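Take a look at these structures.
Both complexes below contain chain A, partnered by chain B and then by chain C.
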Partner chain A sequence: MMKEVIKGRRTVSDRRAQVHLTETIAILFIFFILVGLGISFYGKYKSISFVEQQEELLQARAIRATLKAIFLPELLCSRGSAEPEENCMDVVKAREFSPQLQDKFDDYYFEMFSYANITLQQIYPSPEKIPLYVHVPETYEQRETTFFVMALRDETRGERGVPSYGFGYLQVEVFS
Partner chain B sequence: MTFSYLFSIIRSSFISNNTKLTRGMSLTGNVSYQENIKSEKMLNKFKISSKGQMEIMGLVIIVILITLGLLFAALFAFNKETQKKVFTRKGLASSTMSAMLKSTVSPEEGCVETYIGRGNLPQLGEDILEDCALYFDEYVVGETIIPRGYSQFHCQGVHSCEFFKNKADELLQQSLGAWGKHYELRSDFIDEFPPPKELLVVRDASGIGCPWERDASGVYPIKVKFAGLVESQLYVCD
Partner chain C sequence: MANKKGQVEVTINWVYVLVAGGIILLFFIGVIVKQKTASEEGLAIDVVRVMENIFVGAGVSEKTKNFIDTSGISEFTLYFDCLDGVGEYGLQGKSANVQNVIDPLFSSSTIHSPKLITWSVPYLLPFKVIDFLYVTAPNIKYYLYGQDDFIAELEKEGEEFGNIIVLDGQNSYMGIDPQGNDQIRVVDISGTLVKDGFAVPEKLLSLADEKVTALVLQGESALFFQKDAGRWHLLNTLPIPIVSLGGARDAAKLGAVFSTSPDTYQCNMGKAFLRLKNVAKVQLARAERLAEYYDLLNPAGFCTNLISHADKNAKDTLGEMIDLLESCTLVPEECDYQELIPLSQEVERINEELKVNCIALY
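What follows is the complex of A and B.
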């Protein structure tokens, strides 16, 4: 009689142990699923942040190139020995810049701007597009465009010694 | 922390197995069979309730983990949106304002300056906007706008305020508007009689302007002869 009970109890405890074991396995399974999800999420986050970092670097390069282009003494609105005018580019100088650059100073400006496309676009009084620096790579993954609005001085359109000021913008494209 | 919680749940299940064995051994030795069954049932009840609590704890932890994960993902996605464009937007408002006020009106606009004749390349800021402030009362009479009201400069045959408004709208539309930016240009006239008069407001094509997060050009003041000051400001937003 006692032996049967013990036998029965053992069977029950065995079943319980099996249930516990199954529970433990299930918990471990869920736990590892969670860990897996965490790892995959972290991996994705890292890859996205890496792409974002690349974009930020490209944006920073675009800003640097824009600032360099805006403050190029070759293009600024100079006033003799006085300080040059702010936010202003001389259209007459700009028109002559690109041909000069292609002939003689290509290497010098490539060191400064690397692969970039810099264009001066006049909106007012008459639309005009002046390419300043064109070095577009054959293949590129990303392109970042920056705009900077400027006053465009044109001595050729002035009257009675007063230069004309147009409205336009500098478009800087950088590539990576 | 979460790891230790999960392991404590797993460990507790093992510990409860061990306690059951030791109690079972002692019960078979001294206590009667019925008492044995009774105490075993009570023990099971206690064990079931504590096990239930543990399971709930585990579920709570999982829910917390998932919520935290979603929150983190949402925050990350939100940050990505906002950080991107602020970087290049900063100097745009200021440079646009500066260039626009410096621009001279083309001779093709047919500007006529009273008593002088043909205007000598008047500047949009220092000449046209100043003129707009000086003769604002001829432009807005009561609630009515008179586009051809009297002003010293008459470009395209309209009042300086009307011309400046149209020209600013055109220039901003072709620059900021073309790049998908929203903008709002405001000019106020400050004289000896407060409050300041609103000279003009130019908004993007949507007409919304920039009621949300925006970058300002800063105030561009223009002195008006014997009258006061015109303060202009441009707001740019995505």
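What follows is the complex of A and C.
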């Protein structure tokens, strides 16, 4: 009789313990699901913001490269010691830039432009494409292209040394 | 018996809660500390990135003066350095920095100020080589002594900066007061105020040695000084030549004014000479195209002669300039950049003559 009572008590307490254990497991399960969801959302958010940041950096690099290319002393339309003509490139110098400085494209100008493709496109008086700096990576994930309208001065085309002006645009592509 | 069991259970539960709570608390404290460090590093990265953009913008646009509000990072000290041709700047004590081998940036070694001043001046030898960027701050005071065009020009240009003061004599020099400024720099073109071993004005003794510097410009050379135990100490054993054609807005001389270290100055000038070689190569190629153009028009004419055949013609002079720069790259210790000056003057003369009736070289 006594044994049966004890057995009965044990059964009740065992059941209670089982319920407790199940509860705990359920809570832990939900907790870990929530933590997992949190980590996955955070990871997703981080990866999106990383991609956005990469894009922002590439855009900033494109602007910097364009700015540097527009003001390259090697190419600008100089006027003696006076301030150079704004937004203007000397076509004679532009044609010579790449052939003369090709050997510097892997070090000096790479430091300046990194992976980029910079081309001067003359539209008027005659279409002409002048590659200035070409350093395109074999594989790339992103590409950012900017265009900048330029006046193009060619003194060898004008009469009696009076410069002849055309126009075109500078195309700057950067890669990452 | 059951009561005792319950008491023990409750105690164990509380201990469990405390331990678990403590671990969770520690975890979040760890996350916060980690996040704080990461955000500070992130801030440093953002700051140097923004600085790079600002300096690129300021550097390419000629003769511009910019005032940049840096009050958000005024608790940090910016540092500027240049070693072996590589310039570097960033926030002191932070790993984020920008390294640059192209653009010459002349500045104090450190700047701690809520505002930055940038000034860009083209370096001409005789054609434009590159833009020099000078970085300073309102709390870095420049005291100029002596009378010449350069000082007068610097005084005028510096009116906007508000940190350039002209001394009118020995007494005003001895009375220089830091007045809460971060750095003091004396520019003496007379060579009488600042000499190796001379006493530094008394009120400047309160500032740290590296915060009190001086420059003596004598002829076409510069001597850099720094305060050391209350006296001026010459930093460069040999005078550093100023390689420039003089005239208004002497970029090389201005570089010496804004650089506090002779090594940094020479390193930045080295960047300019490196660029000069490239620009001169393009200029030479342009001269060759002009020679071809005039050969077709009038092979025995004045323009062809000046570009290709005269005793001192444009092509030969530019070629000499490139050869000199090439040899300087190969054997820098035997290089005398001052030899560039007569060659540049020659190119300038040829250009002036060409401008009359021919296409100018630059």
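The rule is simple: the second predicted complex is superposed on the first by the 124 of 176 C-alpha atoms of A that agree within 3 Å, B and C clash if a C-alpha of one lies under 4 Å from a C-alpha of the other, contacts with A are read in each partner's own complex, and residues count from 1 in each chain.
Everything that follows uses one rule, which is that contacts are C-beta pairs under 8 Å (C-beta built on N, C-alpha and C of every residue); 3 or more make two chains touch, one makes a residue touch a chain.
Computed from a predicted model, the values in this text were never measured in an experiment.
Touched residues of chain A, counted separately for chain B and chain C, are more numerous for B.
In the superposed model, A:Glu173 makes contact with neither chain B nor chain C. Legend: residue contacts after superposition of the two complexes on their common chain; A:Glu74 is shown touching chain C, with no touch to chain B. Contact with chain C, but none with chain B, is seen for A:Met112 once the two complexes are overlaid on the shared chain.
Look at A:Tyr165: by the touch rule set out above, it reaches chain B but stays clear of chain C. Common to the chain B-facing and chain C-facing surfaces of chain A are residues 63.
Every residue of chain A that touches chain C in the complex is listed here, in rising order: 57, 60, 63-64, 67-68, 70-71, 73-76, 78, 80-81, 83-84, 90, 92-93, 95-97, 99-101, 104, 108, 111-112, 155-156, 161, 163. Those residues of chain B that touch chain A in the shared complex are 6, 9-10, 13-14, 16-17, 20-21, 24, 28, 33, 58, 62, 65, 69, 73, 76, 80, 84, 87-88, 91-92, 95-96, 98-100, 102-104, 106-108, 120-121, 123, 167, 170-171, 174-175, 179.
Chain A meets chain B in the complex at residues 5-6, 9, 13, 16-17, 20, 23-24, 27-28, 30-31, 34, 37-38, 41, 45, 48, 52, 55-56, 59, 62-63, 86-88, 123-126, 146-151, 158-160, 162, 164-169.
Put simply, chain C touches chain A in their complex at residues 49, 52-53, 56-57, 60-63, 100-102, 122, 124, 126-131, 247, 274-275, 278-279, 281-283, 285-286, 289-290, 293, 351, 355, 357-360, 362.
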